[in-house]
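So, here come the structures, one by one.
Across the two complexes that follow, chain A remains constant while its partner is chain B and subsequently chain C.
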Partner chain A sequence: MSASDLLPGRRFRGLLRKEFVQIVRDPSSIAIALVMPVVLLLLIGFGISLDARKVRFGVVDENRSVESAGLYHAFANTPYFRPVSFLTAREAEAALMRGDISGFAVLRSDFSRHVIDPVRTADIAIIVNGVDANTARIVTGYAQGVVAVWLLGHRRDRAKAAAPAASVEHRYWFNPEIRSTNFIVPGLIAMVMTMIGALLTALVVAREWERGTMEAMMVTPASMTELMMGKLVAYFVLGLGGLAVSVTIGLFVFEVPFRGSFAVLVGVSSVFLIVSLAMGLLISTVARSQFVAAQLAFLITFMPALILSGLMFDIESMPGWIQAATTVFPARYFVSSLQTLFLAGTVWPVLLPNLAALLAFAVLILAVAVARTRRSLE
Partner chain B sequence: MAASAPAVVLQGLTKRFGPTTALDDVTASILPGQITGLVGPDGAGKTTLLRLIAGLLMPDGGKIAVLGHDGVPSGVQRDIGYMPQRFGLYEDLSVDENLSLHADLHELDEATRRERFAALLGFTGLAPFAGRLAGKLSGGMKQKLGLACALLARPKLLLLDEPSAGVDPASRRELWRIVRTMAGEGVAAVWSTAYLDEADRCDSFLLLQAGRLLASGSPADLTRRLEGRAFLVDAPPDRRHAMQRRLAADPVVVDATIQGASVRVVLHDGAAFPVRADGDAAPRPTRPRFEDAFVSLLQEKSQAAPMAGALNGSARPADGAAIEARDLSRDFGAFRAVDRVSFDVAPGEIFGLLGPNGAGKSTIFRMLCGLLAPSHGQARVAGIDLRRARATARERIGYMSQRFSLYGNLSVADNLEFFGGVYGLDGRRRRDRIAWALDAFDLGSVTHLEAGMLPLGFKQRLALAAALLHEPRVLFLDEPTSGVDPLMRREFWSRIGALADQGVTALVTSHFMDEAEYCDRLGIIYAGQMIASGSPDDLKRRFATEALPEPTLEDAFVGLIAAHDAANHAANSRPQAA
Partner chain C sequence: MWRRIRSLILKEFLTLWKDRKSRMVLVVPPLVQLVLFASAATFDVTDVALGVWQEDRARPANELVGRFADSTAFRVAATYDNPRDVERAINAQQVKAVLHIGQTFSADLAAGRPARVQLLLDGRRSNTSLIVQSYAVGIVERFNLERRFGRAAADLQIETRAWFNPNFESRWFILPGLTALLTMVATMLITALSVARERELGTFEQLLVTPLRPMEILLGKTVPALCIGFVEANVIAAIAALAYGVPFIGNVLLFHVAVILFVLAAIGIGLVISSIAKTQQQAILGVFLLLSPATVLSGFISPIANMPEWTQALTYVNPIRYMMILSRGVFLQDIDWAIAWHQLWPMAIIAAVTLAYATWLFARKLE
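For the complex of A and B:
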């Protein structure tokens, strides 16, 4: 008795040391915590971009005039398009079918005449591959913009027409360049943290079951809470390492701005990491093989983090009942916090409710995980 | 001091898992200062009982008292040393780190820790390997490390779950010595095992069969009842199986099994030895063993197991050597798993590859089945060079493993249909062979039951029937009867004996000394090499001394390994000296 009173935490320190030695010796833990964030961020960060850039766009010039050539160059002069010239609409259609171009504009043979004519309107047909609705909308918008800008300049030159009565000036706040990378990367960090937390703990506990070491540990004076907390603390440290890697890549590779406070970032991330780790522990109370553990971790943490967190799809535009469903997945609060911290700054009215929700999840899931862990094989 | 107060008391202990009863009304006590053998075949309830004592499972009925406590309260773990199956070691931690972890968990202070480490590392011979990862230790060393971890905090109760399974006999003895010393210091040690020869050496035993306590007490008391009823009869090799079958069928005989070149016979109480056939040698009285007692107990409780008939038409004999291995080697990267192994097996011979786990038995086996290409050397099976015509060779061999590769959710008939199809039997021949299998193996009553639901004995018969459907000339048996009860083992081997009499060749791998006794000849496999071969009696005779006139196969094995290691050591040290 006296020894345990004098040296509280000796057992715990022993367990903790064991976890760290295992982490260092086991390349798979390091790979999941430190290498996977790099791969995920680079692949998804570069691969998924919701912007239209250098879109191959056909211009069918049936008119072959100075004006039609001018519009072609207007397309060529934006960063969004790489125009391809066609003589007939039929050829352009064929190219669209083949997937060579994402859309095309048709300039009829009377194009230049109507452009010059102050009364008539020149009709331009824009045909866009609508399979990917999102890209289609963006391409249509950009193409209309190019035509409108060109038309304005052209009329001004030609007719020395008066300036329009009113003009609209756009400003995109928080993400002035409207780079999708700027909001995808913070979301990806949330996904990576979900993976590190839930997958890693669920896997390492399941591995202890598979190898029979959990059974051996249970018949020692170590309590189940000590065993679980040892895992939590060790993988918390590893998770913070993953966070550092992800944030560094976000800031320096993707050049995402960071406008909030780093202290708040670490604070919010720590709370989320505890939520994820607790989730992993909870999974491990059910799954005693690594295979089942991985399946469950993907299904109940990774997929919601990807789909229902606002990372890929805007929560506001989801049907009401799905919006309601998103509230039970902690990832959404973390994604929102990260996007705010990166792009807007330390905006407490947004951060506080998110932080409160994450804290509630951390306490709840951890309590359930501890309550469910019993010193028993049943 | 109540030194003899039991460490564990079990009263009517019952444990169920769903519909199956794993332990049924077990009442027993375990005394300090003794090694208590928890003996029984696989599935008898040994592990469940140990887990109940360790507090890892809750009983469904009855009472359990551990170290004077009612039940297994938390805190009592401090005084329990537990080694689960597969030893419960962290394989990515070194020997030292594993010990340190356990020392921390038991909150040992620096002085105690140093003293215990030194003592246990010396005791187990692990001192030179303190820095090595547990995963890189041999099976025997892992087991000693597991034991050292369990012993670290000087437990009053030591629970060992099959500590000796698959480990070489030399390590087994080492382990036994350590546990014996602990028992001498007053520890209550529980040693679970499926090896019946180990039960003989325990101070007391609990014999479990299908969840019930069949017998308990001291092994000497149990075998004393058989005093004067056990005999050995020498038999010429070609008549051994026939003689065994004849004696087993005799009503005065409780048990007749092959033991080396003899048939071992146990008679009913008060019965006289049956009339000898012409040319039979005179029976020699022998000391009854634990296994004899177990079998006679089982025979009392149940009807005699159906013994195999002649199994007509099950196979065609091969001509020439059935199996020829020449300088067979196999490398896995830089590791040589099998090193220049050569042997011949004659048609109708039962040849055993005996060795501990990891010695290379399975690798040799896989090369001979055509599942793995040798790195060097040649193999011919049933007259076919495996390098040239693996597929043809496979048609001539049958394969059965202990894990019975049956489809659990298919019926017996479906399984036989499937294996018939796989072996390329069609139409009439397939129908005939399946009918033969159902008849010869007494499977008629269970034809439409799912294979997974069958009792172990039926599964074993079905697996053998499936392996024999295509009338193979050579039969490969991978630990066919490890962990099954002795009656099932006898039934199985009498079938194999009948097949051998018809000229079918059998190659068996095993780490069970009991299984090895059934073989005509053995190859002892150790560290990738065949260090000796010969009949079981040959091997034993080499180690007969005045002190040990009747050495067991295990004695022979230990002696062979020691001689091999000594020779190796001498060979290794010579160039350094020069």
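For the complex of A and C:
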């Protein structure tokens, strides 16, 4: 690529205008860049909660005593549970099967006798619906907590002795209220970037091949590099637009803190966008049809950005070979940089290695993509 | 009429199958996604790198630290003696959490005052941190119980059982859900693109001059997608059960009925997109615009019951919601037809409405 190729000559300006006209004419690409982030942010931000609240939880009271009523109220008094009373375990089991309740506690008929006696164990069974394993684990933890606290309190009241206990005071750095929007916004930016970069670019170039307009453009004086640069620049601008929309909504609607530097954010995002665009270009040289291009883009850019980036699942808890696999997908470095920039600040020990990795990807993939596109002409 | 439709169905199959790349794309992506999800998608957090800042060297404090070190969840990765090092380590993500035991911990405990330990967590990864916190609370609770009542009593305090998934395996609920999700993606893409591609390439007009009626054309587009979706769901379910050991204890016939209704609903939505979209690009992006929120609102990752009312209301028009419950129910829970019925009829209605709407849109465009 010589320097004159990069200068915005008249021909190049014309190509660029063509790309923008195409984008404006087809509202679907603008929808992906600007509307989708808004929809997803609003849905996820207002609609999703990862912690369990007001879980419908059954209490089977076979004991019918002051103590069992006390435990029922202990459940009712936490924000986590909305207890439902059952007379027999069978009714509760049927409700669990239907999915009406997430679990239930059984207080057996000799519950109150056992509770009073501190050396004996209280007969309490907690049964949860394990079908949703994640929720089940959280519900189990909460339910055990409620029972344990109530049991301790109850026995303490009876013994009239203050009992010492250790307690955990937790402090979440960078995100003290543990708001899920705070980590979703960085993730969403990564999603939008891969969508616009890889998916849209792959589709658009594949369409030119499919329709035969690529050959038509090749007979014009415009060089292949110019053609590709025209596309890259247009979708680069669209991608930055998506970034602006996501960040604006994140900051002003969801009040996600931003503690880093905006310049670094734009810089890191630009590099990642170039990586994505190059991947889209590469995909389109392999897949000449839009169906195949869409599937490939989804598979090698979007899915890794979602699953292998540390956005949803903890990378260090994955099996070794998957951890190794995450290192060859650029999304991982981008998500980590975004999370740090938004919530922690411009922490160079985290950002520098990520940025270096992204730059290496950008150079490598762009080189391969350009080489392959050139070769596919012959 | 049937012969006409048969040849159209054959043509649709051939379009998808004759090209090697498009054949690969039908088979490889679902398999790769399955393997990735099965291995990577876990909410279990293991081997957490824990930093320890211990200012109290008395026995109870040592014992508590020892409990963290001995647990399967944590490994002590570093120790600190001043707040500056702690801050640096968390900032640079060298550890996921730091346990801080202050100078007065053991003295407070002995004197019967509330004794606090601090757990500093990295809020950038709040998902992970929430789980780490619950592990830590569990360890401290047990520490308290054993101090108070002795080891045996602490063991038997509460008896807990998780039905259908006794060990809380993430995989057991991710893979049945993924069966629904991957089937949805494949069938929607195939149908959404089928009409759009014909229109973009101009072969649609050719189709129109054949004696085929709009209804018949749509039928010709539906049957191949239904077959592919049905086979795909079964293959994924079989792999989940045989290769990944997810128990499949339910009724196979019920599963098949559910899959057919679900795939029909997906096809209906795909065809609606297809008849609105002018180009393949619009069709593909339309699928994405619909699928991303539909995945979020399906209960795949976060339970619908935890959502606010208005998002819960939105989930009722989402076919994945019903299939998610059915798939998990058949796999793990062996639900019967009476329970399944509540999930089956909404999918049938979604399928009927979208297919009818697509036919109408289609017929109107022809005139």
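Keep in mind that, in the parts below, the second predicted complex is superposed on the first by the 317 of 378 C-alpha atoms of A that agree within 3 Å, B and C clash if a C-alpha of one lies under 4 Å from a C-alpha of the other, contacts with A are read in each partner's own complex, and residues count from 1 in each chain.
As a convention for this text, a residue touches a chain if its C-beta (ideal position, glycine included) is under 8 Å from a C-beta of that chain, and two chains touch if they have at least 3 such contacts.
On a predicted model such as this, the values are computed, not experimentally measured, just so you know.
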| item | value |
| --- | --- |
| Chain B versus chain C as contact partner of A:53, first or second or both or neither | second |
| Which superposed partner A:216 touches (first chain B, second chain C, both, neither) | first |
| Partner chain(s) touched by A:317 [first = chain B, second = chain C, both, neither] | second |
| Chain B versus chain C as contact partner of A:26, first or second or both or neither | both |
| Per-residue contact with chain A, leading partner among chain C and chain B | C |
| Partner chain in contact with A:133 - chain B first, chain C second, else both or neither | second |
| Touched partner set for A:97, first chain B, second chain C, both or neither | second |
| Chain B versus chain C as contact partner of A:14, first or second or both or neither | first |
| Footprint overlap on chain A, where chain B in one structure and chain C in the other make contact | 26, 211 |
| Complex contacts: residues of chain A adjacent to chain B | 3-4, 7, 10-11, 13-15, 17-18, 21-22, 25-26, 211-213, 215-223, 375-378 |
| Residue numbers on chain C that touch chain A, as the complex places them | 19, 21-22, 25, 28-29, 32-33, 36-37, 39-47, 49, 60, 64, 90-93, 96, 105, 108-130, 133-134, 136-138, 140-141, 143-145, 148-149, 153, 156-166, 168-170, 172-173, 185, 189, 193, 197, 200-201, 277, 279-282, 284-286, 288-289, 292-293, 296-297, 299, 301-303, 305-308, 310-311, 314, 325, 328-329, 332-333, 335, 339 |
| Residues of chain B touching chain A in the complex | 51, 54-58, 74-75, 77-78, 80, 82-93, 97, 100-107, 109, 133, 146, 149, 159 |
| Complex contacts: residues of chain A adjacent to chain C | 26, 28-29, 31-32, 35-36, 39-40, 43-44, 46-53, 55-56, 96-99, 102, 118-119, 121-122, 124-138, 140-141, 143-145, 147-148, 151-152, 162-176, 178-180, 182-183, 191, 195, 199-200, 203-204, 207, 210-211, 287, 289-292, 294-296, 298-299, 303, 307-308, 310, 312-314, 316-319, 321-322, 336, 339-340, 343-344, 347, 349-350 |
